[in-house]
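So that you can tell them apart, the chains are marked A, B, C, D, E and F in the order they are listed, and the count of residues begins at 1 in each.
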Amino acid sequence: MRILIINPNTTTSMTAKIGKAAMSVASAGTEIISVNPSDGPPSIEGYFDEVFAIPGIITEMNKAAAIDAYVIACFDDTGLDAARCAAEAPAIGIGEAAFHLASLVAGKFSVVTTLARSVPAIEHNLVKYGLASRCAKVRSSEVAVLDLELPGSDARRRISDEIARAVREDRAEAIVLGCAGMADLASSLSREHGVPVLDGVACAVTLAEALFKVGLRTSKVGGYAAPLGKRFSGIYASLSPTGAAARPPVRDTLGLTNATSMDRD
Amino acid sequence: MRILIINPNTTTSMTAKIGKAAMSVASAGTEIISVNPSDGPPSIEGYFDEVFAIPGIITEMNKAAAIDAYVIACFDDTGLDAARCAAEAPAIGIGEAAFHLASLVAGKFSVVTTLARSVPAIEHNLVKYGLASRCAKVRSSEVAVLDLELPGSDARRRISDEIARAVREDRAEAIVLGCAGMADLASSLSREHGVPVLDGVACAVTLAEALFKVGLRTSKVGGYAAPLGKRFSGIYASLSPTGAAARPPVRDTLGLTNATSMDRD
Amino acid sequence: MRILIINPNTTTSMTAKIGKAAMSVASAGTEIISVNPSDGPPSIEGYFDEVFAIPGIITEMNKAAAIDAYVIACFDDTGLDAARCAAEAPAIGIGEAAFHLASLVAGKFSVVTTLARSVPAIEHNLVKYGLASRCAKVRSSEVAVLDLELPGSDARRRISDEIARAVREDRAEAIVLGCAGMADLASSLSREHGVPVLDGVACAVTLAEALFKVGLRTSKVGGYAAPLGKRFSGIYASLSPTGAAARPPVRDTLGLTNATSMDRD
Amino acid sequence: MRILIINPNTTTSMTAKIGKAAMSVASAGTEIISVNPSDGPPSIEGYFDEVFAIPGIITEMNKAAAIDAYVIACFDDTGLDAARCAAEAPAIGIGEAAFHLASLVAGKFSVVTTLARSVPAIEHNLVKYGLASRCAKVRSSEVAVLDLELPGSDARRRISDEIARAVREDRAEAIVLGCAGMADLASSLSREHGVPVLDGVACAVTLAEALFKVGLRTSKVGGYAAPLGKRFSGIYASLSPTGAAARPPVRDTLGLTNATSMDRD
Amino acid sequence: MRILIINPNTTTSMTAKIGKAAMSVASAGTEIISVNPSDGPPSIEGYFDEVFAIPGIITEMNKAAAIDAYVIACFDDTGLDAARCAAEAPAIGIGEAAFHLASLVAGKFSVVTTLARSVPAIEHNLVKYGLASRCAKVRSSEVAVLDLELPGSDARRRISDEIARAVREDRAEAIVLGCAGMADLASSLSREHGVPVLDGVACAVTLAEALFKVGLRTSKVGGYAAPLGKRFSGIYASLSPTGAAARPPVRDTLGLTNATSMDRD
Amino acid sequence: MRILIINPNTTTSMTAKIGKAAMSVASAGTEIISVNPSDGPPSIEGYFDEVFAIPGIITEMNKAAAIDAYVIACFDDTGLDAARCAAEAPAIGIGEAAFHLASLVAGKFSVVTTLARSVPAIEHNLVKYGLASRCAKVRSSEVAVLDLELPGSDARRRISDEIARAVREDRAEAIVLGCAGMADLASSLSREHGVPVLDGVACAVTLAEALFKVGLRTSKVGGYAAPLGKRFSGIYASLSPTGAAARPPVRDTLGLTNATSMDRD
């Protein structure tokens, strides 16, 4: 199978690190394609950055061919709902991936992310996914995303300290690392603290393989129905879902449309 | 005071209708400026359309000057979190505005929106805002957004039928109309059904005036902190928050930064 | 428009302070009438005091004429549901008013109130309103209500200390002051702590104006239906809703009655 | 032990019926004293009626002597919180009593009450008590409270029909009758429908006996702390908690006071 | 009436202590029969131990005759759902019993149990029962269950320290002791800390008496329907519900069966 | 890797069907071992049957060697918590597996299970897992578990009818089949109804592979800590966790023990 992993920010070194983390868990027959948009922010820290990354995610989805699953490699699952509308092949965010797998190995987990400003978006996702009751606390280590790329920073120590607090104060039974840039730290931190420590990239890749093997694709009934045939204006004209039905859908009561999906796998 | 009302879609006739609805409730001293982006979808129906409207919202916020409050006039409150980061002057979505005011005049309300595909995003907002327990049901009338602009459509009848069902089956004590394009129907539908019927545009304008009079502005501590100084790439280069701190913030533990806000009012 | 602000306790100096806070935000065309019952407790601190204030609230509502909105100026929104039944003009509690406006400028807020004994009633209101998920914590400063009226008390310092703890420990993005008697402190505390600090009186007055401009009145379908025509006994005989239907309502399935409202605006 | 059962409305025939229901389950050594206030509404149907019944409840509590438990015999548990503040002996509402016992014999129950206007207050109590997740639906039979006293009314049939719907549509495993005036119907309706049917009066009396035997009394730490020593004005002067501390409490951080309880049992 | 109290572990000294606690609150006419299974673990500390205690509980229920109520005397309410299926006479767990009665004397309670490993099961029960919102925190004293039986251990001091923290940090208004083995400590700890301290055994016995007096039995419609007639294999052959219908039930849409109940009271 | 799939009931034809469903999705290198206990019920329909299946699950876990993941193939995830305590290799229930994967391809799903008596246990699991908000409704088709094995029954038609109702009435975007015995129906029902239809067995096997590839094992801190060294009595003597520490654990504050795990993989 072919998995397209989209790092939603424009920092190519992070794309490479994410691709490496993905490869390390991918099955023999799985092809990993890692990309990032050329438009948008160099890192995503909070609500503002997020929204400038999403059109580029869709652009990358459109450019790729014969994809069996999409992984969005930003911990706040930037643009996930739009990606699910855009394709029939499943789309998975690394945040939700880690939350779901953590729920299978622990009663309760805590998240350790980068900056405090990113905490509300993560908390909100947990509520939306239904898994807020499984999360003891979303904690920030006050390490900026791009500092994770700097050799010699004290990033790992700060993250480790926050994990220690989560285990002691929150009674967290597992830890979810709250940034794609922390992918390389998971296994050593797990050994150090004696609890499962989850990196979302690895979780998302194996979940994509799981969905593929079971034959599950995104439901096109309801909120993730294929986009209606509309002509977008200006800089988004080329992203118009014109591959979809050019005329209004015949029936849409349940979100069902006669649109041809824009997904080409 | 000056309120910038942004219709996030590119349909100017809807911008005009929204502006008219806003003017009809605005106080004497309030200046209403209605705009829409030139980039993006002609209407917003579900998760996919939403994300192509948001960068244009920020562009419109940047272009305007001396604004005291922003109103985002799409019922799913498209891009509201990003807009709150972008400015210190308050930003209000018409969806949340209607939910909050409905909670002051009724124990429970139902929403009547356009297409089924839009229902999940609205349900999700209600959960996020905390007001899901006040909403009996989100209902769709299966009227497309732009059909509301068509003379001679059966849009009003369908909406009215759905309201009747909400009052009878959900025990809804008030009705929230789930689309900016329904602004002109609220008062006649209220008389017809004997319950308060709320249009979000009017609600948002008066809430913006309320916040202004009380002197409340968006908190810059936490999730709505001003964007960090980053250089965005490609088509978003001009939206880079370079007006904000060019170097990493000195302390960010609580989301406080030494950044100069990009808000210019 | 005419707003009747009812301080539910019998302390007239507090009524004056509340009236002043209301006037400071009221629009040019708004008439503020501040009253308090002559029967009841001198301050409201907890569940017991509350219930002796409510009949007096209704009495004051009955005495006034041509009122466009009622504001109940006790932070636990004493008697709010009964007031909504009693009138068609909207009734707003200062607690809920502050919670709703805080939700528009911050992701999460904390409340700082007077005594610990008042905390459960406030927590309970938050759950009832649906906004508990927006409130990080309800905190008490252990300042008695009437001590807020004493010159030279350390009330302001205690409240300020508790705000500092809320910002640091709860990650509160805004603070709601939990007593009508704190109305004069909001703006200086906001400057001191760098977060929005909300006083419920100002919030309620501007929300009352908002509802009036939009033309919203309390729904008479369901829980806030006008009282049935009953003859009350004893000291409440004069409060009998005899202005309402003297005979049983014709249909009440949805709380609709053929009763004449007792509201006289 | 001595149980004071207070019917909060002024209809003495209902007080007698309630007393009889209480006697039928009371243990040998239990003395039942049934009273009702002389001030207030003849029946309680919704939020408005409620608040005029509460001062009378406290008056009845004050008049009685050597009481081991108080039962408030209105299904919306009128004034329960204030009653808990007023005494150290436990106070139980018949609504909560039925909800708690229903939770011990069924996974899920539905409530069948009188008028639609009473539904929101009951729903709100369920949320407050935490038991909303155990209640499938609050249903109204559209039988007025005092019609339950009328021979020849179709009240029993309407209630029975609503029970049938609850079992069929809600998958209710038990039924809670939502009015003290339905006490005499529980056992025959249970036989008819093959599910437990609970009357709150019987439940509250046996729970009062349970608390007495275990030696449990209302916590005076927190929300139910004894009223502070205050001088009430006007018609409530005689209800001033002057039996309580005349001076401000020494410490109240946790709601603890040095006040002498006004409870005299 | 006859109450069968089942200590689900095999430690007979604990069975004796539990029986004594039960006798101390039982009414004159109540016969208490205390038993424990001969198969299973000597104490129940967490999910693993639990499941080996449950078949023995059913065995003890089957051996006893003419029982009016069953009490399961392990704080995590081991096997309660199965016990409810097995009998028509009510079955009560000591955990739920304490949670329900605590809710009648306090707004919020905390639980103080034995080991940290037992906390998740208790938290989960609270969510299931609907009473999680009434519980401030489940705390562990790190006292092993059987250490409660040892003279000279520091068990009481550790429990008392944890209670002090609960009152101070959680604002708990009452304390629920989270182990049947703590039954003898409740009243002295209550005097020491000035808040109600509840032992589940006493609570369950008096609730059993309450249900008996009201005539309430477990609903056989839905989740607690009598077991279908099945032939169990191996060591459980003798526990086959063959007393129940040998053939498939005629209708089961609502969980109703034509099975003869296996309950023999 | 080696996956042990335990059908908790004693019906070997169902074990074979489950094994076949598992094999159909397993990766090349995955060995599937399907077993069932010899003690216990022939099918699991509700709370009573469940508890007699669990000791046999543990027995099967103990008998197997070098297992990398355990799958419990009953839709109510019988004994899952105990299985997680018993091993370090991950244990997955087919119910939770389907709920988690459904959450990745649909906003909302409904469950279609066998008998009404099984519904409450499934609803309760959804609440426990946190995913209740993602489930629109748990529906029963009134097909008994073993009827799924009968050729010529109308089981498939009844299930299909219930799916149609779920899509129409619940707005379900995906369907989870609520019984291991329905594994062979998923793909044809998905084609028929145009929505994803999930079988838990396939979901659990691929999730087990995902956890194995990521290197995740059950957390031994907290609720899933290895059993303490205890001597079980009677028929469970051989299941005593004597492989674990024979003496009390040195420290257990966080559920950490010095016990050797009884897991032998």
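The criterion applied here is as follows: contacts are C-beta pairs under 8 Å (C-beta built on N, C-alpha and C of every residue); 3 or more make two chains touch, one makes a residue touch a chain.
No experiment lies behind these values; they were computed from the predicted model shown.
Participant: Which chains make contact with chain A and with chain F at once?
Facilitator: The shared contacts of chain A and chain F, listed by label, come to B, E.
Participant: Can you tell me the least number of steps between chain B and chain E, where a step is a move to a chain it touches?
Facilitator: The distance in steps between these two chains is 2.
Participant: Sharing more than half its contact pairs with A-F, counted by residue number, which one of B-C, A-B or B-D qualifies?
Facilitator: The A-F interface is reproduced by B-C.
Participant: Quick one: report the Å distance separating chain A from chain D, using the average Cα coordinate of each chain.
Facilitator: From the centre of chain A to the centre of chain D is 51 Å.
Participant: So the centre of each chain is just the mean of its C-alpha atoms; given that, what is the distance between chain E and chain F in Å?
Facilitator: Centres of chain E and chain F (C-alpha means) sit 26 Å apart.
Participant: For chain B versus chain F, what separation do you get between their C-alpha means, in angstrom?
Facilitator: So the centroids are 44 Å from each other.
Participant: Mark out which residues of chain A touch at least two other chains, giving numbers and ranges.
Facilitator: Answer for chain A, listing residues that touch two or more other chains: 107-108, 116, 119-120, 127, 133, 171, 222-224, 254-255.
Participant: Any two chains that touch count here, so list every such pair.
Facilitator: Touch list across chains, by label: A-B, A-C, A-E, A-F, B-C, B-D, B-F, C-D, C-E, D-E, D-F, E-F.
Participant: Given the complex with chain E, which residues does chain F contribute to the contact?
Facilitator: 10, 37-43, 45-52, 54-56, 58, 79, 81-82, 84-86, 115-117, 119-121, 124, 127-128, 140, 142, 144, 222-225, 227-228, 230-236, 239, 241, 248, 252-255
Participant: Can you check the complex and tell me which residues of chain E touch chain C?
Facilitator: 107-108, 133, 171
Participant: Quick one: which bits of chain A touch chain C in the complex? Just the residue numbers, please.
Facilitator: 116, 119-120, 127
Participant: Can you name the residues of chain A that touch chain F in the complex?
Facilitator: 25, 27-28, 90, 92, 96, 100-101, 103-108, 129-134, 167-168, 171, 173-174, 187, 194-196, 198, 202-203, 206-207, 209-211, 213-224, 254-256
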